[in-house]
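In the two assemblies presented below, chain A is common to both, partnered first by chain B and then by chain C.
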Partner chain A sequence: MSSLRIDDLCVSYGGVSALRHVSLHVEQGEAIALLGANGAGKSSLLRAISGLVCSSGSIAFDGVLLGGRPAASIARLGIGHVPEGRRLFARMTVRENLALGCWDIGATDERMQGVFALFERLRERADQVAGSLSGGEQQMVALGRALMGSPRLLLLDEPSLGLAPQVIAMIFARLGEIHARGTTMIVVEQNARAALSFASRAYVLENGQVVRSGNADDLANDPTIIDAYLGGVIE
Partner chain B sequence: MIYAYAALAIVAAVLIDRFPSPRLRRIVIVALAIPLLLVPLIDPSEATRNLLADASIYVALALGLNIVVGFAGLLDLGYAAFFAIGAYAYGMLASPQFGLHIPFWVILLLAGPLAALFGMILGAPTLRLRGDYLAIVTLGFGEIVPQIFQNLTAYTGGPNGIPGLDVPSFFGKSFGASALPFYYLALALVALAIFIAGNLRASRLGRAWLAIRDDELAAKHAGIDTTRAKLAAFAIGASFSGCAGVLFAAKLGLVSPDLFGFQVSVLIVSMLVLGGMGNLSGVVIGSLVLTMLNSAILPQANMLAATLLHVHVDLSQYHFAIYGVILVAMMLWRPSGLIARRAR
Partner chain C sequence: MHEFGAQLANGLALGAIYALIALGYTMVYGIVELINFAHGDVYTFGSFITLVILTALGITGEAHGVLLVVAVVVALLGSALACGVLAILIERVAYRPLRNAPRLAPLITAIGVSFILENALQLWKGPAPITVPALIPNPRFLGGTFSLAQVSVIVLAVVTMFALQFLVHRTRLGMQMRAVAQDRDAAALVGIDANRTIALTFLIAGALAGIAGMASGVYYQSTWFLNGFGAGLKSFTAAVLGGIGNIAGAMLGGFCIGLLEAFTSATIGGQWANVAVFTVLIAVLVIRPNGLLGTNLPDKL
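This part shows the complex of A and B:
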């Protein structure tokens, strides 16, 4: 059974349609990438899964239909969402930010230590205000906050946004570790190269529709994809 | 003497967040609270007691609104509506209006849940609104409620309100004409409000409120049930206002719609802005300063102007102008209030 199955999903914002009849599936333990230009509908797709925007069509997570459920109840089912631009609570400490990631079940020390084990840097920064952290550290907090709820499916919206190449490599290495533990993932990325080398499959969105899908390696070597998303043909 | 104490209390409140140990902080708070119990005994004038009782009721109101505006970040400009609901509950249930003479204490206990219910009724349709839009809807609610009380003449006495409310009694002993019992009751309500607000702030619900205040979308992303948290803020905030309303009505002995207009909502918001939203000692100080300004400082200034300058003015007439100047000055120089939230 697929972990996530989306059929005929449509999202529109006041008459402007952001997603049109999107269907896709993610298998248990798989990591997939969503590629596309700005405004292609990548973030809208993640927001529809999380219940943050209204959508039509069907989204099923482990056989449970998500349509009409409020965002908090979807999070409780085991879907963690790392939002675009991190959206931390800037005036709260790292620890408080993390605790809010499993607000409904209560933050245990065990969960907190799990995040600190993954990101040692955050242990040192635990009592600092999140707004004072560097971009990379903030991304770690955003990831950690989503992990606090022990998600089975992790939605990552541009985890590389605004980060230095070295930091991006580190973030993806950690994502690899999380994935290796069996967490299913959907990664939205502008940085198509990083996303395609991380994911096993990918979907390409254009104007709210899936225009291509397939094996990540095949897509990474596809001339049209290289031309559109990987900065031209490498000779 | 009261002014000396007030000045001392304000200085202490400004400094209190800088005190290193929480224990020392607690000792100072207790030391400051004791004179509050004794002040009316030291100064036996009824005017002082009345002033203190009113000030305490306003502090309780401000603490309630602080939960909605200061903690959850939901700008509520119709908060006086719940004050009116509490007051009218007492007015209708403990007066000759319907011949119902339900005991004061029963109504005081019921006013909290009743106002909380109305808080949720107002909160439910505004859940999707934010900032200015929320403010406009709550403003409307604040206008509608006194209007309803004014127009339901058969039940509420219309524009004249309901006079001759029952004088409460405590174990058979009537409160009499003195404001003193109301002062102590209001003080107890304030203490309860501080206790509840302080504990809520540190609770899971409190953290959810702060998260919603900082970034509602991020709170949703993190899986926080924003609907429940916002409704809880409206309900809990309103319940303080309802209880304060019962006290207010019983003390005054009458209710009328003009007592709960827009000015009251604005006054309470001003108290929060002046003191510092989200900060309990700030809220207390802000509400004390504004109440004192209105009922003690301005009359004193009138007298001073008359004796020293031989000018006869009534500065109380200009109190809204003075609030306005204070608010503008605050926005310019101390936008986070007299007592800003502790920066970490």
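This part shows the complex of A and C:
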């Protein structure tokens, strides 16, 4: 059964269209990547799934139609969204940021221990203000905050943005662990190489439309993709 | 010396009322960045509701013993509840539809709501000042300087401020309020219903205005339909003086302005009170643009 099924999705901002007739599906337990240049509509797609922007067409999550639902209620259906730029509550502590991610109050402590087990650094930083952390640590908090809601589907918007290579490797290793536990994932990435080695399938967006889709391995070896998104390896 | 003590007592009691109103301005500003100009009129509504409740209880003057306690508790809770509900209604009808409009739109709407409330209150109780029963008996404290009513008002304001600090910084609702204040989209992504959180903030701010309205009605034994106009303006000033969005700042600003007003009236003359208040406001903002306790970042809530 598809975890997420999107049909004919359109999004526009004040007359400018950001997504045009996008259809895609993500199977239960799958990890897919969304590739595309700046402004291709990758973030808009994630924001439409989460209900942060209005859209037409249909989005179904585990058979439930999301259209017209407010963002807060979509999150509570089990969709975790790690937004672009992390969007932490910068003046609140790491512990508060994490606690806010969990609406099942009784499970807060247990899940927070789970996040600390995944990211040991956050245990040391628990009582620091989130805005004072390094970029990598902030990304860990953003990811941890989404995990606190125990999501079945995790949307990741540019998790590698502005991070050092070894931090990116660590983040993707943790994402691999989370995926291995059965969480379905959609990863939006500028870093196409990292995304294609992580995901099993990928969709390529251009000007708000899906122009390619297929297995990650196939795309990673496709000359046009290499040229456009993998830095055009010269041989 | 006796005069100084008397003005100190007056100033602190007046400041306590400003502080209570200022807390509401600051709470609402903290979460939706709106100067809720209707807030002062909600405060007036509180004093009217207090009058209704005291009349219903058959109280016409000083009460004693059980009756005093019952009257104070019922008037306080009744006024807080009525004003809280009114504030939620205002938010729902006038501000929520403009949630994503340019900032000026809700601001002008707030001024409009203020006019509507003032006119409604005038229709209800007429244009003349109204007497509120002198509910609180008059024993004096600290060498006769402070009356029981003054001590009660000051204690009420301080206790309320600590309760609010606890709510905002130690409870889950407070945490959600701060989250919505800092980043509404991010709050939605973690399942926080911003509309509900904002409505609850208005409920709390309205309840604070209700408490202030009850306190001032009973303390000054008088109210009228424009009571909240001047008091609201002064309290807004207090919130800005202390650093808007900052709870302790609202309290500090309220007491500063209350004291300043009392001492200016007693020494130079009542007509100079507003001049003094706003001169100090300007002077403080020149030196500390974010107010006395404000931080560089707009420290919302």
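By our rule, the second predicted complex is superposed on the first by the 229 of 235 C-alpha atoms of A that agree within 3 Å, B and C clash if a C-alpha of one lies under 4 Å from a C-alpha of the other, contacts with A are read in each partner's own complex, and residues count from 1 in each chain.
Criterion: a contact is a pair of C-beta atoms (placed from the backbone, for glycine too) under 8 Å apart; a residue touches a chain by one contact, two chains touch by 3 or more.
Owing to the predicted nature of the structure, the values given are computational and were not obtained by experimental measurement.
Taken together through their common chain A, the two structures put chain B and chain C in a clash.
Of the two partner chains placed by superposition, chain B and chain C are both touched by A:His81. Of the two partner chains placed by superposition, only chain B is touched by A:Val129; chain C is not. In the superposed model, A:Leu100 lies in contact with both chain B and chain C. When the shared chain is aligned, no partner comes close enough to touch A:Gly208: not chain B, not chain C. In the superposition on chain A, contact of A:Gly144 is made with neither chain B nor chain C.
Once the two complexes are laid over each other on the shared chain, residue contacts for A:Pro159 go to neither chain B nor chain C. The intersection of chain A residues touching chain B with those touching chain C, taken from the two complexes, comprises 50, 52, 70-73, 75-76, 80-81, 83, 87-92, 96, 99-101, 103, 145-146, 149. Residues 50-52, 70-73, 75-76, 80-81, 83, 87-92, 96, 99-101, 103, 105, 145-146, 148-149 of chain A touch chain C in their complex. Residues of chain C touching chain A in their complex: 172, 175-176, 178-179, 182-183, 185-195, 297, 299-300. Chain A makes touch with chain B in their complex at residues 50, 52, 70-76, 80-83, 87-93, 96, 99-104, 106, 127-129, 145-146, 149. Across the complex, chain B meets chain A through its residues 204, 207-208, 210-211, 214-215, 217-228, 344.
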